[in-house]
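Here chain A shows up in two complexes: once beside chain B, once beside chain C.
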Partner chain A sequence: MTDLTPICALGAEAPQQARFGALHLAENPGLGLASLALRRGQSAAEPALPDLVLPGPGGWAGTAGLAAFWTGPDMWMIEGPGQAEADFAAQVKAWAPGASVTEQTDAWAVIEIASSAGAAPLEALLARLVNIDLAGFGPGRAMRTGLEHLSVFVIRRAEDRVAVLAMRSAAETVWHALTTVARRQERGGP
Partner chain B sequence: MLIPHPLLGLRDAQEFTYLGDARLLDRPDGLAPDAAEAFADYVYLRDNPAGLHRELWFHEQGDRSWLVVTRDTVTHEILGAELARDVALARRSK
Partner chain C sequence: MTRLAGGLIDRSRVLNFTFNGRSYAGHPGDTLASALLANGVRLMGRSFKYHRPRGVVAAGSEEPNALVTLRDGARAEPNTRATGVELFEGLTARSQNHVGPLGFDMLAVNDLLSPFFAAGFYYKTFMWPRAFWEKLYEPAIRRAAGLGALSMQADPDAYEKGFLHCDLLVIGAGPAGLAAALTAARAGARVILADEDFRLGGRLLAESHLLNEAPARQWVAGLEAEFASLPNLRVMRRTTVWGAFDHGVYGAVERVSDHLPTPGEAPRQTLWRITAKRAVLAAGATERHIPFAMNDRPGIMLAGALRAYANRWAACPAKRVAIFTNNDDGHRTALDLAAKGVEIAGVIDPRPDAKPLGPYPVYAGSVVTDTRGRLGLSAIAVTREGQTQWLDAGALGVSGGWNPNVHLASHQRGRPVWDDAQQAFLPGAGIPGQIVAGAAAGKGSTHAALHSGAEAARAALQDLGLTAHLPDLPRAEDGAAPPHPIWHVPGKKRAWVDFQNDVTVKDIKLAHQENLRPVEHLKRWTTLGMATDQGKTANVTAIAVMAELTGQSIAQTGTTIYRPPYTPVSLAVLGGGDTGAHFRPRRLTPSHSWAKAQGAVFVEVGPWLRAQYFPRPGETHWRQAVDREVLATRAGVGLCDVTTLGKVDVQGADAGIFLDRLYANAMASLKVGMVRYGLMLREDGHAYDDGTCARLAEDHYIVTTTTAQAGPVYRHMEFARQCLWPELDVQLISTTDAWAQVSVAGPHARKLLERVVDGFDLSNAAFPFMGCAALTVCGGLRARLFRISFSGELAYELAVPARYGAALMARLVEVGKDLGATPYGTEALGVLRIEKGHAAGNELNGQTTAQMLGMGRMVSAKKDAIGTVMTRREGLMAETRVLVGLQPVDAAQPVTAGAHLFTEGAAQGTATDQGWISSACYSPHLGSMIGLGFLADGAARMGEVILAANPLQRQEVRLRVTSPHFIDPEGGRLRD
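Entry: the complex of A and B
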């Protein structure tokens, strides 16, 4: 039998992390992801996710063990922390049997960015990187936008925490962009 | 240039891809007797107005929805945007 070695999106056996001043960037290999799309005529109230109401346009909602963000009309991405190695899509399908559910876990590289000095350093980083109006991007918001010409999801999990979901095949490009800008910001440069 | 997305608010035009005239939504009936002529017009003929133009934009780096945007081709002023899905469904129900 072939001997396979599981690796993270950034190519190493262990997830990458880096600290630049107040900002801590870490790859999150444990996040299970599944997309949920309603069928024609189906109501958004129908999928019965435990303790979770599917958010409206541009929204993110989460509990300790489950989260969801809006990705398009009648479409959401469901997040299961620590569920990357489980059959997360099957679990979501069980909660929403009438909807279309697709496994997404290994399609994305997830980078969690946390600030130890409140929202300011995080918002400065976002202002340099993405085309999002930060005045309307408080906790509970999630937006798909462009970062380094790549399409990414940016989720505001809390005042001082943001997650970036990027195409897994472009994981290193996004990591390079994030760490380069965070490093320059720490040095006070452009 | 900012496009007023009906669901997400003002979004940078950089996030969108432009397709062209919104009349592409009116696809002719392929089984009608004059289908060949109708499709020749549908595929090749476009108005080129100096002024108001309804056109299709795809929110590619966003929620992936198609919009019908009304734009003034002289000033580039954007006068409105609606979901192409809503436009198409409204036409079908007429």
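Entry: the complex of A and C
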């Protein structure tokens, strides 16, 4: 175990979090991430991820311990909650030895957004941030889209929960965008 | 006071406001224009060119005249249409475009000089002398002619953007739009109903018609209640849909807080991008006027506007009013005003058989031929068969028929089509997915508008596979006879067509006389329709006048089309609120927080913020810090965060073949555990980007790119993978942000690294120059080590997961104290690489080739790669300019990047240009400035003295040509 002290994407040792009315935003530094891309001719059924069937285009699927979302043809991001400090990519590679696996944990700042008042405040927030048709963006959907001039992934984990993955170096910009809209929503109402 | 009874204003509350410093009172529900009229104010501004006194003409967003500067201080907003401003307590407004008081404008002298200001005057007059235009004529003209002025202060308000999606977007909430929204929303479709007004109802609010024998507002109120109960319908008031773009995308601005004194926490406006599967355009129609002599006096308005002010806002500009109309609709104004107790001086109707519809005098077969009243209308001249009589009137309502608002059907070049029966331009081939309904489609009676709106929604939903039923619509009036075709009243005096740009019938005649007859020429020569109102009240009339002059039909004359925005949109809202530090995304390096704590000075490098240098106490000039960092690196060991360089993970059985085709030099032959410098070319054979390529396994490479080109190169690689060679087994993903990468450079680099690696053999034999390996550091942290050098020193780049970047920097500095471990920034990085003669962005500027960079032999002849064949073009082969080093003969002289190189004694011009200086810096190692540059026949001119010149500023410096490698040209240090 290294004696170096890691910091979160927003620059502090502890993850940032903030509450705005019904919305709670929190940095999730514990999420292990690894990309998984099939080799040419390889079947999507081949990677033996425990209790996980790789989802189709626009999909996110998983359990509390392991999840995946589609990022492109024959390509997924595998999520390992709580696996950020482990060599998660090596673990995924062990499950899918024939595929191309790349460590992505620190490539992304992960911000989890939860609503205590159902989908409405969450969807009002998203409408001011990303060009996603929310009618087709229920639980189990994931999209790559633009947010604040950046390319991000947005995952609908549940009716009342969304995750935004943005390039780690731009964490501050994305946090500012999210909290600005959330704060306005709290004070002004959507 | 000219306030009438009734209206949709809340008389229980009083709102105080000022106009030109005078205090007035109005009520909630008023606009600034209606409140001013109700207070007896007719004069609201001065015209653009002639500084003529002007008053409000319209009641909606088409208003050409009543432009005011709203609010004070930093919030002052020029050119705001008084007709669209909702009154609020404490509102302040000022009129524009006058010197001295509004009632006595010094620049009104322009009106006396009007014969000189005809169309084309500027084009013809201010031609000579040429230099006078920019310095004298233009500033003077701009001061005299124009609109309001900006506050020149930063906008204190917030703006935001958002995205909406729907099955049906209904644009306009008049009878057609309301019926469309009702039909679609009841069918369960996702509907957005947007209207620029703050109240739903559109023209229904301005009329006295009954719907089902009750006032229309009752029907609207019932609908509003139903709308509120429908979760699938979003009603957006104060929202102007201003543009129709590709793929069903509409731009809309919601004026969230414009009706409040200050926005508070809320944004001032929101820019919505609405993606609609279908749209119903129910934008209504704009009344046209009939130009006659001196038709621009305050008090002369559109008849429909006069009626709207009376019915909706209980305001009338005068106690005695006349109407000039060529159609029945004008008579309605007379009826409604008379019903409200306004004295009707007469209805002047050019139709010989015109009959009164109520108790008011009609002047049939007559026209208005002149007016009186300096700052407001006092009398009109009515002429019938050559006999003229004057009628006293404080206001005149003019109606020449109605022009459908086809603008949003035109935004993709759909040209409106003239309809003789309706005497109007109707929407032509419009926009895919958009149906035009109601008055915008020429169905202007209330009955027709309601039914066409409902039918449009039903048809749109049917297209989407949804079944909608037509609702029970209220009984409504259905009278709409086309106007009598009279387009202007001929006369000797000026008759305005375009009020906002001061274009008269005479100007159109002049354009005709000078053969600028096609509508596009007419528009540009006279500036007709080119004001902020896009000629909403002027264009069609002007076309008709031109048609009359040319003897062609209006259909043959044709029309110009419209571009977004439908009404002016503020740049602030288009920016979507991105201002100041948040104007664009900012990327921070993994060691940013650490560098900040060290007092680093940062510099923007594209989106990145990088440490530029790390000043120490006592250092008063940036050069002191940079020189120290450079010397410390060359003497001991320097540390630099180089995370910003792009990193692309390349895997797959064909990764080697793929990279061989991308890079000019060979990569498939690279041994596992080794790194190679690589050069990518563009298709045209010029150098594109450089970097390193490390092979971690047979089927696994890591490519690095320059910081600036990280995005484009990754895109280029994806394009090659997906489109050029989809048959190859290659997988790509960016890992730029995943790893913090630190350059450890200097003679003590190995010694320092030995203190952090976990038992990894760093000896030259085990880990030679250009080696790479996966390893662990600092007690088990996974890491990657590359023995590469940008500085020319013994150097490594160490990568760890980004979250450890700051801690790693701190650790290296701490454990390397005795070795002189010194963090350095981008300035020192630049000096180190210029001293070493390494190319960077300045050299890879898109104009240089491998040969020019001294890397011609890297372009492998044994294989093909992107750009290889094109490097053999004659033009590129004949290029003799190559990268050289440059040192001033007099060490005190500067070397300036961007300067051009000339032979001493030769003329200085493009024909004799010998090259240019691409990079320059002060080299503490050499004790002078040095530079890199491209020089013709450079390789053969070592030792020659040339001139670096800046002929524009008459600067010349003598430079000696040297090798670009000022430091360790043999490369011994790298391999130490």
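The criterion applied here is as follows: the second predicted complex is superposed on the first by the 183 of 190 C-alpha atoms of A that agree within 3 Å, B and C clash if a C-alpha of one lies under 4 Å from a C-alpha of the other, contacts with A are read in each partner's own complex, and residues count from 1 in each chain.
Here is the rule we go by: a contact is a pair of C-beta atoms (placed from the backbone, for glycine too) under 8 Å apart; a residue touches a chain by one contact, two chains touch by 3 or more.
Computed from a prediction, not measured in an experiment: that's the story for all the values here.
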item: Partner chain(s) touched by A:83 [first = chain B, second = chain C, both, neither]; value: neither
item: First, second, both or neither for A:131, with chain B first and chain C second; value: both
item: First, second, both or neither for A:115, with chain B first and chain C second; value: neither
item: Touching partner for A:28 - first (chain B), second (chain C), both, neither; value: neither
item: Between chain B and chain C, more extensive residue contact with chain A; value: C
item: Which of chain B and chain C A:167 touches, first, second, both or neither; value: second
item: Contacts of A:57 with chain B and chain C, given as first, second, both or neither; value: first
item: Touching both chain C and chain B, counted on chain A across the two superposed complexes; value: 131, 133
item: List of chain C residues in touch with chain A within their complex; value: 158, 160-165, 190, 264-267, 270, 273, 275, 578, 582, 584-590, 592-593, 607-608, 643, 649, 651-654, 699, 728-729, 731, 733-740, 777-782, 800-804, 806-808, 811
item: Complex contact set, residues of chain A against chain B; value: 57-58, 70-73, 131, 133, 136, 143-146, 151
item: Contacting residues of chain A [partner chain C, same complex]; value: 1-9, 11-12, 29, 35, 37-41, 75, 84, 87, 100, 102-108, 127-135, 148-150, 167-173, 176-177, 181, 183-184, 187-188
item: Touching residues on chain B, where the partner in the complex is chain A; value: 7-12, 14-15, 60-65, 83, 85
